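Below are structures written as structure tokens.
In the two complexes below, subunit A is the common chain; its partner is subunit B in one and subunit C in the other.
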Partner chain A sequence: MKDRAEVVIIGAGINGCALAYELAKRGKDVVVLEKHYICYGATGRCGAGIRQQWATKENALLAKKSVEIFERLSEELGYDIGLRQGGYLIAIHDEEEMRQAKKNVEMQRSIGLPVKIISPDEIKEIAPILDPEGMEAIAATFCPTDGHANPFKTTYAYARAAKKLGAKIYKFTEVKDIKVKDGKVEEVVTNRGKIKTKYVVNAAGAWSKEIAKMVGINMPNKPVRKEALVTEPIERLFDCMVISFKHGIYFSQQEEGQILGGIPSPEEKIGYYTEPTFSFLKHMAYMLGKYAPPLKHINILRQWTGFYDVTPDALPILGETNIEGFIQCNGFSGHGFMIAPMVAKLLAQLICQEKLDMPIDRLSMERFKGKITKEKAVVG
Partner chain B sequence: MKIVCRCEDITEEDIIKAIEEYGCSTLAELKQLLRLGMGHCQGRTCLILAAKILARKTGKSLEEIMPSFRPPIIPVEIGLIGEKKDER
Partner chain C sequence: MRIIEHPIIEFKRGRKIHFYYNGKKLEAYEGETIAAALYANGIKILSKSLRKGRPRGFFCGIGKCSSCLMKVNGIPNVRTCITLIKEGDVVEDNDMVLPEKEYPECKFTKLNTDIAIVGGGPAGLSAAIEAADYANVLLIDENHRLGGQLIKQTHKFFGSKKEKAGTRGIEIAKELEDEVRKKNIKILLNTSVIGYYDRGYHFLVAVDKMNRTVYEIKAGKIIFATGAQENMLLFDGNDLPGVYGAGGVQTLMNVYGVKPGNVGLIVGAGNVGLILAYQLLQADVEVACIVEAMPKIGGYFVHAAKIRRCGVPIYTGHSIKKAYGNEHVEGAIIAKLDEKWNFIEGSEKDIKCDFICLAVGLSPTIRLIAQTGADILFINEAGGWVALHNEYMETTKPGIYVAGDLANIEEASTAMLEGKIAGLHAVIEFAKNDKTKIMEKIKEYMEDLEIFRQGYFGIRPKIAKEKIWRKYHEKMGNRRNS
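Up next is the complex of A and B:
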């Protein structure tokens, strides 16, 4: 293992690997340290949906700019990331949700997203297997350029391209401590040796809070457990991701034909355990049957658990801190896959002291000192 | 050509390539990259075969490599699990 690097990134999820690529592309000497293996964290357990329909402009812009990158990513990285743009269909259940949806759509359209509000009949046109009555939907919003990519392929593609440009990714290497001197990061201590560095990027997902503690920073993030399931593959029935903020459900049909989705478990326990629960399985199956009755006849193959790294306002924590060289790249809550391409670009620009494509000061930890505006368009 | 995973159509060559070219050293990584063991039988036939290839190529012991399992153990119908008593 190297004993020196300009930038050390902690965590080889989608964010760590994308950033490693953006930095290596700019000629930086970069090392990624990963406790387990690539995609061990939330990235390897996620729905990998790509949604631009957000309530806050920050999230909507990060997602929109990321979609622009996703659209040319297979070509740029020389590896097919499995991008499919079948749109996101978001159920609207009552008048209050309708008011919020109208507000969201107005903002989303103002930044150039082709979102519209559709009727129950139009819901059935877009995805004939859906039952608007069972969904309890009075309408929906739909954005055709939203979609999905394969999270493993995308992350491996970034990792592979980063390595080709000289980045080093060390698996099974756990960060144990970070040494700070005179308010600056100096050295990262791992189970396999030490690395001297100028920059440390905290991209450790649900474990970011523990990493930040090593330099004396206390973060407000909470790990929240989330379960998901996947069915056997079937012929293509629909192209869009279906979600509901009220029911917390999301599901879509993947590239190979399987249905993948999740919903909060009715008997959710707080804590850091990964055992799958029967209550989740039962509730998800029941709701899937209500949303899309034909799905009742297909088989579930497996279920699993992952963790959201949730911040008080459901916006990520990005950028510099009061420890010089310690950069945050976490707090992605339920949507760290879809915004990773833009986040990586912005943080690479920050570290290389280039002009940023969009300002990120509002996403630093400083915001929690004042009044926060919470992202309302969250699912699960 | 030797088929290792019948459900997902993965050969021994695919696995060796993933180990040699992409640095995979665990079953979890092979699952992610190749969909090994993610088919209808949930890896009941292929995971142990793949584990043996991994052991041979990486020098690790079989115990170190053994897989984790994600329920349900057998495929189960959505309508059966999701049924509520009052709606029968």
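Up next is the complex of A and C:
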């Protein structure tokens, strides 16, 4: 293992690997440390969705710029990431949600997203399998450029491209401590040796809180156990991701025809719990049947759990801290995959002292000192 | 394709019925599976591979490999090898199109039991018989009948009389089933256990699709006896319909009385391969040859001698290089191996055959036990990934037991003994005054196991068991110390 690097990234999920690539592309000497294997954490367990329809402008912009990168990513990285832009269909259940949707759509359109509000009949046109009545939907918002990509392929593509540019990814390497001297990061201690470095990026997902503790930073993030399932493959039935903020459900049809989705479990727990629950399975199966009745006929293949790294406002924590060289890249609260391409680019710009494409100051931890505005558009 | 006369088995076929395959009306008998009925009608291509659309035949024949998925009565992805055919069934190619009909409501039934046993083969049945004297027992199996793989074993067992030596597997299955039925044991057939959940107590979810019932089961202790599945071998054309697991062929031939073909080639000269060769001959099916990669035959000498006397060549130091044919096996290329297991150029032989049986070992079916969180380890001698356990068959997760092939690929005789030990140990806390008696019985079964593993064929399983026990105690010791 190397004993020196300019930047050490902790965590080989989508954000760690994407950042490694962006930095390596800029000529930086990068090392990624991963306690397990690539995609072990939230990335490999996520719903794979890419959504731009957010309630806060920060998220919407990050997502929009990420989609622009996703659209050319297969070509740039030389590996097919399985991008499919079938749109996101977000159910609107009542007048209050309609008011919020109208506000969101206005903001989203102002930044150039082709979002519109659609009727129950239009819902059935976009995805005939859906039952607006069962969904309890009076309308929906739809953005055709949203979609999904394969999280494994995307992460491997980034990791592969980063390695080609000289980055090193050390798997099964656990960070034990981070040495700080005169307010600056100095060295990362692992179970396989020490690495001297100027920058440490905390991209450890649900374990970021534990990493931050090593440099004396207390983070408000909470690991929340989330569950998902996948069915057996069936004929291509619909192209969009279907979600509801009220029910918390999301589901889509994957490349080979499987339905993949999740919903908050009746037994949702805070803490590092990894056990899947039957109550989730039952609840999700029931709700899938309500949303898309023909799905009652198919079998569920697998269910699993993963962690959302949840912040008090459901917005990520990005950027510098009061420890010089300790950079945050976490708190994604369930949508780290979809904004990773842009987040990686911005943090690479920050570390390389380039001009940032968009400001990220409002996403630093400083914001929790004042009044916080919560991102409302959260599912799963 | 149906076997009418057989020297050992008398096929009691059910009522003659009719079903439809892609619109064509065909005959079948009640009590046989859809795959067997199709095969008897000469239909050997059951599905297509997902990505490349290559034809697929059945392989394992016991519901574990999913290469026989078809559309039945409008429902896609049905495992035809374990689903019984019914009058008027409509069987079609699996286009994965969902039916338009409404899905009938299903029932949720809560069950509470002292002991739940998953798998009704020799291990599970033996466990149930022993445990039922002291506790409530629930026995679950996803097949339509009990007996596991015993129901296709037409040969007489070796070993001691106590372990039913000299008796044929099919008869042992019957004896065990009769005993289970005599006792107060709740049996759920056609019911698949789909999940284990730790709720602070052991919790299983099982589904009976035919009766649209979901069972939510709270169990004091669980014995998993889910058996094993056949290994695939890497060679060109190994996915052609006509390349089957040896056990799959036994199921088709010995349980349903359907011939797998006219001329077979067997890969692997262990006991499974040798016995299968003899069973094929009994069913009036020609065996072209047996190929064995090892320099010598792995199975019992008596079996091999019998096969040779019947004129079947056994090529040791050989393996299969390729299976060929247009959408179905028409022949195979076999070749000699050098000491580094590479094919020797120029040693190829072209063997004409219409099916190939792979008898190249089994792997424990650990999917369910893995869900419990019991420690799983790859142990080569045990056949792959196995749950660590102690001498009483209890895993590193308290109250969770394993027995039989799931716990180490071995024989039906040892599976029965392990089942008995697991069944008894699991009920100790339910048996008030009989603890000493139970421990004595356990001791006796352990000694029987020990004797069974003393022979030449006990070497590998014995090494496996010792590793499994050692690793179990290491884990548990570490846990106690930390």
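FYI, the second predicted complex is superposed on the first by the 378 of 380 C-alpha atoms of A that agree within 3 Å, B and C clash if a C-alpha of one lies under 4 Å from a C-alpha of the other, contacts with A are read in each partner's own complex, and residues count from 1 in each chain.
The rule we apply is simple: a residue touches a chain if its C-beta (ideal position, glycine included) is under 8 Å from a C-beta of that chain, and two chains touch if they have at least 3 such contacts.
Since we're looking at a predicted model, the values are computed, not measured.
Peer 1: Output check: A:K171 vs subunit B and subunit C. Expected answer is one of first, second, both, neither. What do you get?
Peer 2: The answer is first: A:K171 touches subunit B but not subunit C.
Peer 1: State whether A:E256 touches subunit B only (first), subunit C only (second), both chains, or neither.
Peer 2: The answer is both, since A:E256 touches subunit B and subunit C.
Peer 1: When the two structures are overlaid on chain A, which partner does A:P276 contact: first (subunit B), second (subunit C), both, or neither?
Peer 2: It touches subunit B and subunit C both.
Peer 1: Identify the partner contact of A:I298: answer first if only subunit B is touched, second if only subunit C is, both if each is, neither if none is.
Peer 2: A:I298 contacts both subunit B and subunit C.
Peer 1: One more residue to check, A:Y286. First (subunit B), second (subunit C), both or neither?
Peer 2: Touch status of A:Y286: first partner only.
Peer 1: Output check: A:Y156 vs subunit B and subunit C. Expected answer is one of first, second, both, neither. What do you get?
Peer 2: first
Peer 1: Between subunit C and subunit B, which one touches more residues of subunit A when both complexes sit on the common chain A?
Peer 2: The partner with more contacted residues on subunit A is B.
Peer 1: Using the touch definition from the top, say if A:C39 reaches subunit B (first), subunit C (second), both or neither.
Peer 2: First partner only, subunit B.
Peer 1: Touching A:F368 in the superposition: subunit B (first), subunit C (second), both, neither?
Peer 2: Neither subunit B nor subunit C is touched by A:F368.
Peer 1: Could you give the residue numbers on subunit A that contact subunit B in one complex and subunit C in the other?
Peer 2: After superposing on chain A, subunit A residues 232, 256, 276, 281, 289, 295-300, 303 contact both subunit B and subunit C.
Peer 1: Which subunit A residues qualify as touching subunit C in the complex?
Peer 2: 232-235, 237, 256-257, 275-278, 281, 289, 293-300, 303
Peer 1: Inside the complex, what are the residues of subunit C that reach subunit A?
Peer 2: 50-51, 75-77, 95-100, 102-103, 194-195, 197-198, 203, 205, 216, 373
Peer 1: Hey, which residues of subunit A end up touching subunit B in the complex?
Peer 2: Answer in residue numbers: 37-40, 44, 152, 156, 160, 171, 231-232, 256, 276, 281-282, 284-289, 295-304.
Peer 1: Which part of subunit B faces subunit A closely enough to touch in the complex?
Peer 2: It comes out as residues 22-23, 25-26, 28-29, 32-33, 35, 38, 40, 42, 70-72, 75-84.
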